[in-house]
Structures are given as structure tokens and as C-alpha cells.
Amino acid sequence: MPAYSTNMRLKFPILALTLEIITIILYAIFVTYDDGKSSHDDHASNKSHTEENPLSLYPMFQDVHVMIFIGFGFLMTFLKKYGFSSVGINLLLAAFGLQWGLLMQNFWHMDKDGKIKVSIEKMINADFSTATVLISFGAVLGKTSPVQLLLMTLLEITTFCINEHLVVEVLGASDIGASMTIHAFGAYFGLAVARMLYRPALRNGHENDGSVYHSDLFAMIGTVFLWMFWPSFNSAIASAGYPQQTAIINTYFSLAASALSAYATSSLLEHKGKLDMVHIQNATLAGGVAVGTCADMNIGPFGAMLIGLIAGVISTVGFKFLTPILASSLGIQDTCGVHNLHGMPGILGGLAGIVAAALGKKEDIKPTMQAAGLASSLGFALVGGAITGLLMKLPLWGQPPDQNCFDDSIYWEVPEEEEENEESLAHADHSKNKAEA
Amino acid sequence: MPAYSTNMRLKFPILALTLEIITIILYAIFVTYDDGKSSHDDHASNKSHTEENPLSLYPMFQDVHVMIFIGFGFLMTFLKKYGFSSVGINLLLAAFGLQWGLLMQNFWHMDKDGKIKVSIEKMINADFSTATVLISFGAVLGKTSPVQLLLMTLLEITTFCINEHLVVEVLGASDIGASMTIHAFGAYFGLAVARMLYRPALRNGHENDGSVYHSDLFAMIGTVFLWMFWPSFNSAIASAGYPQQTAIINTYFSLAASALSAYATSSLLEHKGKLDMVHIQNATLAGGVAVGTCADMNIGPFGAMLIGLIAGVISTVGFKFLTPILASSLGIQDTCGVHNLHGMPGILGGLAGIVAAALGKKEDIKPTMQAAGLASSLGFALVGGAITGLLMKLPLWGQPPDQNCFDDSIYWEVPEEEEENEESLAHADHSKNKAEA
Amino acid sequence: MPAYSTNMRLKFPILALTLEIITIILYAIFVTYDDGKSSHDDHASNKSHTEENPLSLYPMFQDVHVMIFIGFGFLMTFLKKYGFSSVGINLLLAAFGLQWGLLMQNFWHMDKDGKIKVSIEKMINADFSTATVLISFGAVLGKTSPVQLLLMTLLEITTFCINEHLVVEVLGASDIGASMTIHAFGAYFGLAVARMLYRPALRNGHENDGSVYHSDLFAMIGTVFLWMFWPSFNSAIASAGYPQQTAIINTYFSLAASALSAYATSSLLEHKGKLDMVHIQNATLAGGVAVGTCADMNIGPFGAMLIGLIAGVISTVGFKFLTPILASSLGIQDTCGVHNLHGMPGILGGLAGIVAAALGKKEDIKPTMQAAGLASSLGFALVGGAITGLLMKLPLWGQPPDQNCFDDSIYWEVPEEEEENEESLAHADHSKNKAEA
């Protein structure tokens, strides 16, 4: 089919290498090591971690790093034929995204000699910026080419950095765990892209759009690492000391509560009270998303648990009822259900932040600032995502045809299973060969 | 069969949500953040970590967290049809258990204003309390419903906290890596429950009670993460500085020695000297269990290695010879062989602690105190487990019928493999579909 | 076949237990805990970490530990029938190797009372020493017995420690991330062993020497953990503070650049521009290897990215073109392609170190010292590997026959797939059983 030029042999290497070489040139001009001597104006930290020890945040950085590369990567391996792309393209996009994000985030924070001074905290923020792309990737998973996705990475991270600057530094909203600026933003950006890339032929599902037993277990690797390290995500750039401890504690308890409510709701909604893996893989994490904005606020452990409890319910209900409606009525085909894990819980987090601000749970923040931050994040996401989706729709980027969606073999060399070559052999032998598959 | 009301649709959500809401109410009344200002009386630490930096233990907390959620969860995925339950119910029980454990452990340690002040150290202890349940879960794996297991979590953690308080604070025994209070306790509690839930029909095994090639590899994820982070488990609540380093070093070498002796013993006992995955997945960890009580004592690296060497042998021999005898003669069907990994090595650890106390390897401990601690742990485990098992036996908790044991599909929506729906298709097509399974 | 005595029942347990018991005796004589009071002469650290806090390096130790046991172990699970050996024998060799390495590395650094005082830094170095063996293991994967491999571990670590002492302390070369002393050394040692163990019958490949879909996903667990934690590997023993931060930053960016160039090159070289999992699993890591020697030097983030960019290209090209030539022309059958991941990028790292020394990027190092370090590492590797390979070739070590290569079942009890026992059942039943396989 001429409309689908899915051969990546030239366009993908050229785009990837061009982006990398441009990035290296920009780094040669603008980026150097932090030496602890520059004036710190990192927006998120009242007290600089690096004054004491430049490596004090390194263990948290590694937790976040694991969430980005193992967590997001394996979470998406639930599809039976799309595991290579899930974990592989996740690595590609994040590896480019962190380089690009560090540049974009810090053009606002250059040193007086015109240099961006890389520190562990800046590496954490760079990793954060890629999370937006990986969330959006979940919405369009299985329906996009690596070239389209590199393009999305470039545009989304740029948009994210503008919105983040606006929300946190211009508006002065508080969003320590980024419910608004990462989760809601990433989800609605991805949903806007998905809307633009709507595929009518997939209205009734696709035979590859499902899991098998072991692919669901691979996905649980992602889920559990995300679940465990989320306290680091929400606290990594909090002020050192007790505010950071508060962010850890709130996230720990919010996640625990959302796990319970996700399990309970899944069983309540399913046939014969059985648990649904999709809910468990995703809605158990909703507490981490929803407590993000309030994580470093004095909401009390029980407040965090309440937020988590509600998030787990909303997220599970969303998977059960809302995702099918979005697909059938609005033309938004959300492969991983990011609306349920990042979208609604992200908005819940933003709303909780407004309430917490009104109740005076953190100094120097106001409900109006918080509301403006949420509105800005949603606005940038929807407009940015729609424009990005339109650009991604251009046929030259190699979008896969409908029948090849959710299938690694269009962009990857996939190992041929033995039996395909041995169809004439006896059945018993086939069984034996397949046993190891 | 009317005796088995395995539909969880109402009873599971009601129990899970009720437990969570009660917990949230208790947290609203009793739990707040540690602000570093309260008088510290944490039993396990002579010198408070938190005086310097409230986050100094956070990297160790995360290691323990990984052991609880990835380590225990994936270790049990070795069963071919029970991976969803292994990693999924592990997450559920630990998420509830840590909330409950934090309450139960600290009712003895309230601040003067009647509050429990959460710190990273208390989060570590809360995670520890869940380990007892996850060990017992291994004994009854495949033969219990989520409702039964939530009930067990509630009762076992409560019992654990009473015994731990008695052993460590009343008797004054030393058990830094919890060979006695967690491992032996969890194992014998679980074995007592398993005895109460004895299923005569499973005397000759069950067709689902076994592994397939890839399920054994998933289990190795659990094994290796447990093996790597065990030094953190045994040292996390040790006194800061050199005692903590001693606990790390002893555990590091004990595990290394038990790996060698587990491999050697497995090969010695098996047909043609082949290695058995069950031994490797479990007995390589026995050194971590057995060195627990002595971990912060001055036993010398070679002393730790000796303990590990013996533990690896005992554990492997137990899997080969003792587990079948327990099942056939005593009616104790120990699915994961927790007696071999946690039970006997836990007792070995307790005995090693008695010897080390007699040899004066740590100040202020006496052999009698250590022996009393071991006896108390075993006593509480057996009595508590027996009572808990009796309660769990009530038919209303939805225990699975014999024929549905070790099978996720009774409590989970399991992806239908494609070929089941396509039985009329040609064989070659079947092969292709199954290839991805 | 009498030439292959692959029954391990006596020889493997005897060798493993003998090595362990000798090691324990040596530890009883020579090894004690670091108490912070000894005079520190750790070659690699200008400023001792342990003076402040003996545990300051512990989070980095754990990152390295994960690389050794999860990273290397799972990276090699790509083979469809050799996952047990990959992750299992990896654990065995590393568990013995770290005990042996700690002894060998520190016979040069005994305290004045004749004791080796174990610290976290010495544990990191012990883990490092095992990496050489695990790299060489990759070259001979699938073609060697556990007994042969234990022997290789003993000899290779001994050789490594002599060379490392020579390069770092006698020659005074700088190799903080060990591009030369670990990666190039381990690769060429393994290739020399592989040359000695050349199997003409495998010239045209072997039916088991390939992956299946899920084995490639298991391997990605290894890849991603190695990728994420490589900054810790390259910085763990760097001088505390900013030099350590520099090593982290350089490695972070080098890896990101090598990921982009590996993806681009893979697509460029493959049929229809598809990505090849072998390249992604390996060449994305080449940036970590190649930046090792220069990691703590002032090469600038862009310099690190350039090194990574080149390494990713070289490594991918090596997999595509050089590995087949080495096998067909030189008789070097390199199962995992360690020449491409560790060999060439290791030499690139050594050359980059010479250039950086010439450009004055680190104090007190000279190009000649660096060049001598590279030459020494290659020389010791090739000679040591050749002699070790000759010893390993002796028939009594139980090398597997050609037809049993790359197959776990020769040294492991492998779960029988159900359908093998049920060949007479109807096809539909077979399908159901296999579904979980």
C-alpha cells in the first residue's frame, strides 16, 4: 500500500542521527558540569541539596531512572506481540528525551557565563521531562512508527518545558510530584495525538490488541517497580529534610491505599468478582499520580490515603467504563488507558492541590495559582497534542497500516518460531518445539 | 459445589474496603509525620539515624521495599498457572500489611501526645512486618482465596507485633536481621496454617503444582533481587556506622557461601548431578536468613561464611527429603518449601545467635535471652498459625476447590489463548498463534 | 560418548565445596571488618569516602551489585533454551568470584597486622573483579560446563588482579570505569578461551543458538538494568564529590548517545530498516564501556556523547559484520558478541583515555602510561585466556558435546512440558496445555 511507507531504512537513521548530532553541538556550546560554584536558582528546592554533597540526590535519581526505563518500558509489554517496541522504543525515546529535556528545561536557567551546569538534580528533571512522552506513548502504543514517535518526543518535551516554566515559575503553583505538569499534561497530550491519529478500522478492536499470560507478567515488572519507587518520584526535587520525608511518606501511604481500592473495585466490577490484570497493572499506581501535587504538603498520612483510595476507584472505573466510551464516541483510542492512570488521577491531584492550598497546607501557595496551573497544563497538552498529532499524521513518517498495528514485526526482526519452518513434521515434535517458546 | 463459594464479587471488595477505611480512620487519629523533635525510643537503634538526616536510611528502605514487592512476589511466580496471584496477591497483602503493621508495631511507641510519628525507619519496620505474611503465603500458595489471605494478614501481623515486642524489648534478645522474629516466625506460622488447611486430595500432587521453563525464569527475578538486597534487610535497622557495615558484610559473605553450597548440594543430590531450579531459587538465599540474628555481631566474615555454607546445605537437603515427608506424614503441604528457606535456616540463625552470645560476640546479650527469643517466636508462630488456620477454614471465605488449586483463573480474568477459540483451524495456524504464547 | 563425561554429580560438588572451604580458611586467617582506623591506601580514591561515613558508597555498591547479578545474568537469557544457565551460572560464578576477588585484589593492600579490612569500597571492587568473568562467560556461553567455568573464574580473577595492580598502581594509568582492565580484558580473555575451545561442528550455527520472543524480553531486563546503573559502575570508586559527579554525568550522556546511534545503525544495516534485538540488547550499552577510562576526566558532556555515539556505531557494525568473520576465519565463536560490546568499545575507551591524557583532561596522567595500561590489559587477557582455555579443554571437566550445546537440559533438571507426556490426547487439549508454556 503506497500510503504506508513503513520502510525505516533511511528516514529513521537519518532523523535519529541528525537529532543526536544537533544535540551534541548544542551541548558543546551550552552544557558543562556543575561545580557547586554557580548561583543556584533551581525553582523546586528552597535549600540546595548540592551545597552539602553533590551526590546526595543520586539514589533518588536512580529510583526515578528505574521508573522511566524499567517501569514505563515493561508496563507496556502487556501486549502479546508488542514487547520489543514497548521496552525498546521506550528506551530510545527516553534516551533522546533526557538529552533534549535537559536543554529545554535549562535555557531558562543558564549561568551568567551562558552555560547550563549539569547536576544530579538537573538529571532528575531531565528524566522527568521524558515521562511526559512515555505517558503519551502509552496512548498511541502500537499505532505509530519510531519516526513519528521521535518527532513527538521533540515536540512534546519542548511544549512541556514551556508549560512547566509557566506553571511553576511564572504562576508560582506548587506541583512537587507533577500531577498536573507531567501526568495530566502527558495524558491529555497523548489523547489529543491519539484523536488526530484516529483509526476507524480499529473501532471493533484488533486481534493483536491483547495480552497473553506471560506478557501480563512482564508488565507486572513495570507496575511493581513504578509502585515501589513512586515515593522517590514525588519527593526527588522537594526541599531537603523533612519536606522531602513528607513527600515520601504521603506517597507511600497513598499508593498503599490505592492498591487496596483498585483490587476491591476491580473485583466489584468484574464477572464473578474476578480480578482484572489491566486494573491491577495500572490503577494500583493511581495513588502515586494523584498525591503528586500535594505530596510535600501537610495533608497528614490519612489525607494521602484518602486521595489514594479515591484515585484507585476512579482509575478502575475509568478502565471499565470510560475507555470504551472514549473510543466509540470520541474517536480516542487509548491503548494503555493513560486517561485512567495519568489523566483523571492527574486532574484529581490538581484539584487536591487547590483544596490543600485553600486549607493552608503549604506556605506561599494559593488556590487560584494552583487552578491556573492545572488549566495551563491541560490547555498546553490539548493544543500541543493536537498540533503534534496533525504533524505526525503526515504519511512520510511511516505510520503502520491498520492490519500491522500492535505487531513488532513491522519494525523489528522478530525471531521465527521453529514450528513455522517445520510444518510438515509430526505433531508431537511440534509440541516439543513449542514448549520452550 | 456449594461448599465452595468462590465468587469474590461482594465479600472481597467489602472486606478490602472495610479494612482500608478502618485503617484510614485510625491513621487520622493516631498517625502523623516524624518531625525529628520527639524523644526517640526506637528499640533497634542505639544511635538514631534521623538525628542527622531524616533520609539517611531511605536507600536501604528502597532495597527492602524491592525485596518485599519484587523479591517475594516474583519468587512465587515459579508455578506455571499461578503467576498473577503470586505477584498480584503479594502486592495486595503487602500494601495492606504495611499500613496495618505500622499501627500495630507502634502502639507500643506512641509519642507523649498520643501520636505515632512516621519516619523512614518506621516504614522499614512496617515493610518488615509484611515479610512474615509473605513467607506464610508461600506455604499456602495456590490453596487459598484472597479473602482468606487478607484475614491471615490481619491476624499474622498482629501476632508478629506482639511477639516482636516481647522478644526484642521485653526479653531483650538481639535479632537484627530477624532470623527468629520474621523468618522462623513466618515459616512456622504458615506451616501451622497449612496443617489446618490440609487437603487430602492433593496428597499425590496436583497437575498445576509445577513450573514451566519461563515461569522458572520469572521466579529467578525474585531470587536474584532477594539475594542482592539481603544485606540491606539484615542491616537496615542496625546502629548507624560500623555496626551497620558489619551487618552488610556478614550478609554479603554468608549469601555468597550459601550460593556455593546450594549449587554443590543440589548437584550432589540430583539425578546425574543436574542442578534443580527449586534449590537454586531458594537455597541460595538461606545464608541471608541464617546470618540474620548474628548479622551485626563480631563473628568475622569467615564465621558468616560458615553459617551460610551450612544453611545452603540444610536448605537444599530439606527441599529434597524433608518436604515430601512433611506432606505425606504430617499433613503439611508447603507449596514453596518455606520450611527449607525460612524455617530451618531461621532456627539455625537463632541457634547461631545463642552461640554468638555465649562467645561474647555482641555486648549486652545473653544466650538465655536469645534462646527465649527463639522459643517465643516458635511458640507464637505455631499457636497463632493454628488459630488463624482454623478461622481461615470457615467455608464463607471462598477457599478454592481442590481441582482449581494452583490456577489463577478461579480469581483472575486470564487471557484466553487464541487457539482455544480456533480449534477448527488448521494445525499450522495453531502453531503460529501459540508461538507467541 | 566417552570423551564427554558430563555427569557433574561428583566433580562439580567436590570442586565447588573445595573452593568454598579453602576460601573460608583464607578468610579466617586474613580477612576482618574495616573499622576506619587502618591507614587507607586505596589506589582509586584520593579522598577516602569512609572517613566520613562507612556506608556512603553503599547505594552505589547496590547499583553495581544489580548490574553483576541481574544485568549480566539476564542479558544472557536471550538464548531460547539456556536461560537457567545464563542467570543461574552467572550467580554461581559471581558468588564465588567476589569472594576470590576480594582476596586476590587485597593481598597487595594488607594492613600492617596482616589483615584485609573489608569495606564497602572493597566489596565494590570485589564485584568488579567478577565482571571480567561474566564478560568472558558471554563468549563461551552454551559451550562449557559449570566445572570448566568455575576453573575459569579462579584463573581469570587471579590474572585480572595481577594486571589491575600493574596497570593502576605500578604503571599509574587512570581507568576509573575500567574500559581497559575489565571490559577489554574480560572480552579478549574470553575470546582467547573461545579460540581454544573452538568447535568445528558449530561452524554453520546450531539450532539452539537463537532466541524466541519471550527470551528476548528477559534479556532486555538485563540490558535496561545495565544501562541504567552504568553511571554507578563508572563512578563508584572515583574520588568523592565533583569527580564522582563528573563520572556519573559523562556516563549518563555517553549511554544516551550510544542508544541513539545503536538504534540508527541497526536500522541502517538491517533488511527493510528493521531493528535487530541483538543490537539493541548490546550496542546501546557500548557508550558505558567506551567512556569508562575517561569518565572522571574533564572531557565535557559533549565529549562523552561523542564517545558514546562512536561506540554505538562500532558495536552495531561489529555484530553485523565482524562476529561472523571472527567465527568463520579465526575460529572464534563468540556467543554473545562480547567483542562488540566489551572488546572494541573497551579499546575505544583506552584510546580515548590516551587522547584525553594528551589533551590534559586529568592531572597526573600521561598518554604513555595510558597506552601501557591498554597494552598490558590486552596482553594479560590474550595470554591468560589462551592458557586458561587450554586447561579448560581437558576432557575431565565435562564439556558438553556439540549437539547438547546451548541447552540447559544437560546440566539442569528442566520442567517437562505437559504435552510431551500426553501425546495421545486430542489436539485441542494440547493447545490448552501449551498455552501457558
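As written, the chain order gives the labels A, B and C, with residue 1 at the start of each chain.
The working rule: a residue touches a chain if its C-beta (ideal position, glycine included) is under 8 Å from a C-beta of that chain, and two chains touch if they have at least 3 such contacts.
Note that this is a predicted model, so its numbers are computed, not measured.
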item: Both-way neighbours, i.e. chains that touch chain C and touch chain A; value: B
item: Equivalent-chain rotation between chain C and chain B, CA atoms, steps of 5 degrees; value: 120
item: Shared interface numbering between chain B and chain A [over half = same, under half = different]; value: different
item: CA centroid of chain A to CA centroid of chain B, Å; value: 32
item: Where chain B touches two or more other chains at once, by residue number; value: 59, 81, 212-214, 221, 417, 427, 434-437
item: Chain A partner contacts - residues on chain C that touch it in the complex; value: 59-60, 63, 80-81, 207, 210-214, 216-217, 220-221, 224-225, 227-229, 232, 240-242, 244-246, 248-249, 252-253, 255-257, 259-261, 263-265, 267-268, 270-277, 280, 284, 298, 300-302, 305-306, 309, 417, 419-420, 423, 427, 430, 434-437
item: For the chain B and chain A complex, residues of the former touching the latter; value: 7-13, 16-17, 19-21, 23-25, 27-28, 31-36, 53-55, 58-59, 62, 65-66, 69-70, 73-74, 77, 81, 83-84, 87-88, 91-92, 95-96, 98-99, 118-120, 123, 146, 212-214, 218, 221, 411-415, 417-418, 427-428, 431-432, 434-437
